[in-house]
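What follows is chain A paired twice: with chain B in the first complex and chain C in the second.
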Partner chain A sequence: MPWRWNRHVQEAVAAYLFLLPFALSLLIFFGYAFVRTVYFSFTDYNLFESPSWVGLQNYLAIIQDNRFLLALRNSIAFSVIVTLAQTALALVLAVVMNNRLRGITVFRTAYYLPSVTSSVVITLMFIWMFQRTGVMNYLITAAIVYRPVILTFLGLTLAAQVLQVLWERWRGRPAGWFEASLLFVSLVLAAAGTGALWVAGVTEPVAGVEPVRIVWLNTRRTIPEGGGWWSIPLPLAAIMMLNTWTTAPTFMLLYLAGLQDIPKELYEAAEVDGANRWQRFRYITVPMLRPVTFLVMTLGLIGTLQMFDQVAVIGSAAPLESVITLAYYIYHNAFPAGAMPRIGMASAAAVVLGLLPLIAVLIQRRVVERK
Partner chain B sequence: METVAQTAPAAGRPRPVLDPAAAARRRWARAALIYVLLLAFSLLFVGPFLFAILSSLKDNPAEWPPRLDPPQLNPANWRAAWRLGKAGGGSGLFGQFAPGAVVNFDVTYFVPEGRTPHPPEVTISRRVPGAGIGAVVPDAFAADYAIVSEVVETARKPAEGGVLVTYSFTIRHDGQGPAVDRLPLDLLVPIGQTFHSATLAPNRIERLGRVQSWNNITPGLVPYVFHNYNRVFNENYSRTTGKNLFLAWIRNSLFIAGVKVLTTVIIASMSGYALARLRFPGRNALFIFILFSMMIPGQVTFISNYLVLRDGVFGISRLFGVDTLLNTFTGLIVSGLCGGSAVFIMKQFFETLPRELEESARIDGAGPLMTYSRIVLPLARPALGAVAILTFQGAWNEFFWPLVALTAPQDKLLLTVGLLNLRRAYGAVALDWGPLLAAAIISALPIIIIFLIFQRYFVEGISFSGIKG
Partner chain C sequence: MRSARGWRLAGIRSALAAIVIACLATGPALAQTTVRVSGWGGTDVAIVEELLARFVRPVVEPQGIEVVYEPIADDFPTYLFNALSAGTAPDLFYVDIFWAESLMRAGQLEPLNDYLADSSVLSADDIIPELLDAFSLDGKIYGIPKDFNTLALFFNKDLFDLAGVPYPDENDDWNTLADKLRRVSALGPDIYGLALQPEFARMGALAFATGWEPFDEQGHTNLLDPRFVEAFSWYTGLAADGTGVHPEDVGQGWGGGALVTEQVAAAIEGAWLLGFLRDAAPNLPYGAVPLPRHPGTGQRGNLIFTVAWSMNSASQVKDEAFQVLEALTSPEAQQWVLERGLALPSRAELADNPYFQQPTPEAQANRIVFLGASDGFVRPFKFLDYGGSWLDPINAAINSVILGEQDAETALAAAQEQLDLLTGR
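Entry: the complex of A and B
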């Protein structure tokens, strides 16, 4: 029918017009750029002279460059560890947040604060907190000083809880080991008990503790110490903490939306069957959230592989080898301070960086499908 | 108070059942415990910000042990700063040292038994304010116009193990010179005689307690409390144009973010609609290509993009008489018209809209453009809001691409790149944390305020990009 055909053409033309600006910018600033990066990786381009073909030379050069290998190692370690940590933290936050309590949105707002702030600002605050006389070291010092008090408090809580649960059960009332009402009483009792012991002088803060002066950033220490290739530089570990802290809240929102989609009936049925809290979480929540987990991990891997800002802002505050990532390595080779740009090597490294998220997603898909 | 639906007791449980009062008690306790947990997490996420804001007021944010009560938060000092600001000839809010100023200042020392009290030696130093970018030497120093009276002992009070001796002196402006911004003060006393208190708390105590030093004893309230913030704005000027750098950076970032929000909202809604609703050859391929582009880090493609801007987007810019788009706002805008994720969000949203409206419009004879602008777009407000907010946040916080595409001159930088320059300027020797923290907090404030106002859109945006992905 000519009329229908006409309709289709009209629709397609409209679609192309609608898409024109976006497609054009995508083509120039992504498609063309991507192809050119691959091309540059086989040339000796330096931004000024016209490029000439050198085959695989750049790839051989980066493989022999110790800094590249370190960057690759750091990027992969960073990506894997941060993705796992932030996914776990996001899930925990979302489960706590998934309670219909008054004022819960206030907490959601508060949690999301690190995620809206720019990485440059966050990194500046972070360098400040992790300096030798910073808040982090102060908190560690405080934990050492008050260790006896803290341990007493925890011990008393545990004892009070066990006694109360046993008492309740003896009276024929159901009580799990983490029963909240009892735990609340236990905490209050333990606080009172610890206070009394402190006043009585039985448990006291340790006197004469040397202030902790861990150098977090400007150091070549690793975790585990001296582990060679398989150990993580301390500054990188500090950035991992930072990144987990900033991105977990975003993923918490995704999990929260996922949690609210799980039918309540599932939990009710499980409760009738006598499943406890942990079992319900393990056998209902986690499997039902699998699509969200896949998404969160994918976004996490993509995001963490791009880590650049933190390295750039930390700058001279940490040895480059300890924090360098692939993203920074590429930038560093494209615009080296006081040297000719090594576009070929930068592009070769860029191709590797471009492959990483693809590989990561493929592996992840395998794992998810196998389950 | 409502509590969790999950905790409602299920009927027919084979376990012993609690009486209603006990069950209610348990629900209450559980809610209370969850609040405690929520509060603990809040401390984890908000605590660092609050502590950074507090510390940004301090003279030395890197002090050990970190205190929670800096003198800048002490109302007694606010009153003193206000009074001294007025005494110096300025206003209570913003002080100065102007002709006609008469500034009375008291300082009290503790003198241990067996020592003779000694009046402090008063110096008005020619201190240059800190070392920002292109820090300018002030054209006038208070030292050139200040006349210091004799230091007299005005009170002596016995104290445990010694005496507290109060000295007073007056600093006048000679009435000839100009008004000066700051009146710095150094006091020197013999060793053993320790500082006790003064009209205004000193900024530093140095040389084993012998020297007490004030940045400005006629500050007025605002420069006293927000000393570091003042420094950020007053110490950073462009060497070529003399513009106030920090203000310029904020303006640039606002401008670029605003333009990007506009272009993104327009382009993403058009593209998202086409992808979600219109049928055309190559739709799936294009969608996969967009997803692919979202997976690839910007560091993979920036070299070519840098060259494209350098050559004026294939020479097109030469038609407008511009050789290169590097280091221009135009270049930054052209290269970041619309992100793939914004298109993705819009597409996801349009797919959730019921088709009936569009179909009835089509039956009425409306073409795609008409349907889009009259029917679909008005319905898309929540998604557009989400895209706008997320784009603004992304543009405001963007760092890598501006660091490549817009690096000079100083007063054209965006705020994030500017912050990196500040970090270099104040971190050349040892990090001068006061202005750095203050600058970080100022640059975080707009986005935090926008987030607090529009947080619903943030949350929706995240959900749109997530759930159906």
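Entry: the complex of A and C
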């Protein structure tokens, strides 16, 4: 009888065979590239002359390069703030989207759109919106011009709502302050009242307002102003908002999947015990989603530390120092405008960028495990 | 009956036969040499395609040279540096003056002196010397300039007429021009005299007019030199009193865009503006004059932007590639480029070309830009091999002063600090 592999070995071989295509491409395009990058980071190399060994010189050069330190500061700030913001936003969006409402799929699609749209396209639209003569400044100018009208409208709405609720309560009905039917009536009344006052000339748009020309992107201002090393450049803050808005919906999907796995019984039991909405969210939803949160934070950290495209597209629309991130610093050194490639320095920065998520995820695991 | 093996052999045999026949059929094609040519995309694609079809292929194809054109849509230098390093670069390619020096120093470009010496069609004396110098290093010529541009003052005649102000002319100096621009900008709150693109690629021409040099003998840059400060203050000062405007404030990304809004009376641009005006504002009555003279030196300054055809030093078909290069820069090809108003050719003899005597605004503007290359203090748009690292601090300073975020003194001090790190002090 011929020798035969036992089942166990057979299964293992099959598994490795299935893994082979991916493992090979990983080995060639990541493994090989990684080893080369580490090697280049210890050499002086400009793509043309053969690399010469310089030891740690590249690493010393980058930590003395002010631009590298700025990029590192920007990357870390970007990563921490955006990861936290997008995780929080994704969780809130997922909880809201998890409601069984009519037409909720329309909202799910709408909220997911920013994530499927090309980030290059979004960034371009974003640059146009935030130009000195863009939509953003136009809206602010409009708000200033129509301030009296807007204030009148809001004031009338508030007055009508308060009067209606008090009236209902006086009549013995338990009306809430935000009851939808009353609010609708108030809005209609306020709109009519504002229109009448406008026609009568009591409330009017402010005349002769200078158009607002805030520089959003092409600026060296920081938040907070004059905080030196600790303040965040305004253009970078703008990219943070943009990035949070475009990536949160992807993580919302992960949270939505996680929410489906939480047993309904837990909520029912908590309700019986008299837990309110916030308590149920805080003591059931959040702890039950912890594995998803770990995944979301890890993916978020990796993604944000490698952020490149939005800086590249903004390009000369903002000063380099105000938006440069590590990934862009690497590119900027590998292909500096009008100068020789500095592959050694770029590789050293790439190694640092590679280590950062590793450290971040290790710390994060420690924190999660301790809990 | 044949065995399965027999069938297989028969199959192989007939396949071999087919290959042999195919080889015989395409035999002459194998004897051909292929020269690969590359440049960037955009409007250049149509120009190069037509140049190849009209002037290059008819000359070189009878000699068995096939020309393959491979335009690169975006980020050409990155592509080229990678391709050169990987050994897959084309045989002939564009080299912009801005990044030429790195490639020359890295030995990636073939010195053309010997080819030029042997050529009966193309000689170094044919090319405008300022352009050839820009692509030369230590006596070696690394590229044949294909065309060039300088800066001129383009203005909207309507706005000057409306304001009753005489047009800018070639006798203007900084003061008289500023005065004219100021009077035009008085037309209204949304009308400006000059589009102030916040870049050394514009302001630099004014700095050169003062006699300022970008590098001293030791290779250091001094922005605190009173001459540079004067040019910087004149340019950014126009923004402070509302005579000039940041193009973004009229919703545009550059001076040419600002000019077609008809809110801005003038812009400092090169002949690349003409094609844009033809498309974007065909009815705009414009004129072009040389940049103003500096009142002290009485001279103009200017920047030369130029692109050359260079040869890959690792090319396997250098002689054939040079033949293609000859045809690409032949007098007939350059005359065609000039007459189509596509670019300013690099051959010196074309200065007396009848085209420049035509009364159209386009031909006149081309003449002004052509003459700009040899009038006063003219420097090529290259900064040793520092490239963007040298420009960035200066551009940042110009921008922040025009936006009113910093005063000239602070901005220049900050820029100088960065250049000290770069060029030493």
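As a convention for this text, the second predicted complex is superposed on the first by the 276 of 371 C-alpha atoms of A that agree within 3 Å, B and C clash if a C-alpha of one lies under 4 Å from a C-alpha of the other, contacts with A are read in each partner's own complex, and residues count from 1 in each chain.
Please note the rule applied: a contact is a pair of C-beta atoms (placed from the backbone, for glycine too) under 8 Å apart; a residue touches a chain by one contact, two chains touch by 3 or more.
As the structure is a computational prediction, the values presented were derived from the model and not from experiment.
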{"item": "Room on chain A for both chain B and chain C (clash or fit)", "value": "clash"}
{"item": "First (chain B), second (chain C), both or neither touched by A:N46", "value": "second"}
{"item": "First, second, both or neither for A:T109, with chain B first and chain C second", "value": "first"}
{"item": "Partner chain(s) touched by A:T37 [first = chain B, second = chain C, both, neither]", "value": "first"}
{"item": "Chain B versus chain C as contact partner of A:E179, first or second or both or neither", "value": "first"}
{"item": "Contacts of A:P319 with chain B and chain C, given as first, second, both or neither", "value": "second"}
{"item": "Which of chain B and chain C A:W278 touches, first, second, both or neither", "value": "neither"}
{"item": "A:V215 touches, of chain B and chain C: first, second, both or neither?", "value": "second"}
{"item": "Contacts of A:A339 with chain B and chain C, given as first, second, both or neither", "value": "second"}
{"item": "Larger contact residue set on chain A - chain B or chain C", "value": "B"}
{"item": "Residue range of chain B overlapping chain C upon superposition on chain A, of 423-431, 441-449 or 459-467", "value": "423-431"}
{"item": "Contact residues common to both interfaces of chain A (with chain B and with chain C)", "value": "47, 131, 133, 335"}
{"item": "Residue ranges of chain A touching chain B (in the complex, touch as defined)", "value": "8, 10-12, 14-16, 18-19, 21-23, 25-26, 28-34, 36-37, 40, 47, 93, 96-97, 99-102, 104, 107-114, 116-121, 124-125, 127-129, 131, 133-135, 138, 172-174, 179-184, 211, 245, 249-250, 253-254, 257-258, 261, 264, 267-268, 271-272, 274, 280, 292, 295, 302, 305-306, 308-309, 312-313, 315-317, 326-327, 330-331, 334-335, 343, 346-347, 350-351, 353-354, 357-358, 361"}
{"item": "Residues on chain B engaged by chain A in the complex (per definition of touch)", "value": "1-6, 10, 12-18, 22, 25-26, 28-35, 37-38, 41-42, 44-46, 48-49, 51-52, 55, 61-66, 267-268, 270-271, 273-275, 278-281, 283, 286, 289-290, 293-308, 313, 334-335, 337-338, 340, 343, 367-369, 372, 393, 396-397, 399-400, 403-404, 416, 419-420, 423-424, 427, 431, 433, 436-437, 440-441, 443-444, 447-448, 451-452, 455, 458-459, 462-463, 466-467, 469"}
{"item": "Chain C-facing residues of chain A, complex", "value": "46-49, 66, 131-133, 213, 215, 218-221, 319-321, 335-341"}
{"item": "Chain A-touching residues of chain C, taken from the complex the two chains share", "value": "77-78, 81-82, 84-85, 98-99, 102, 105-108, 246, 248-251, 382-383, 385-389, 391-392, 396, 399-400, 403, 405-406, 421"}
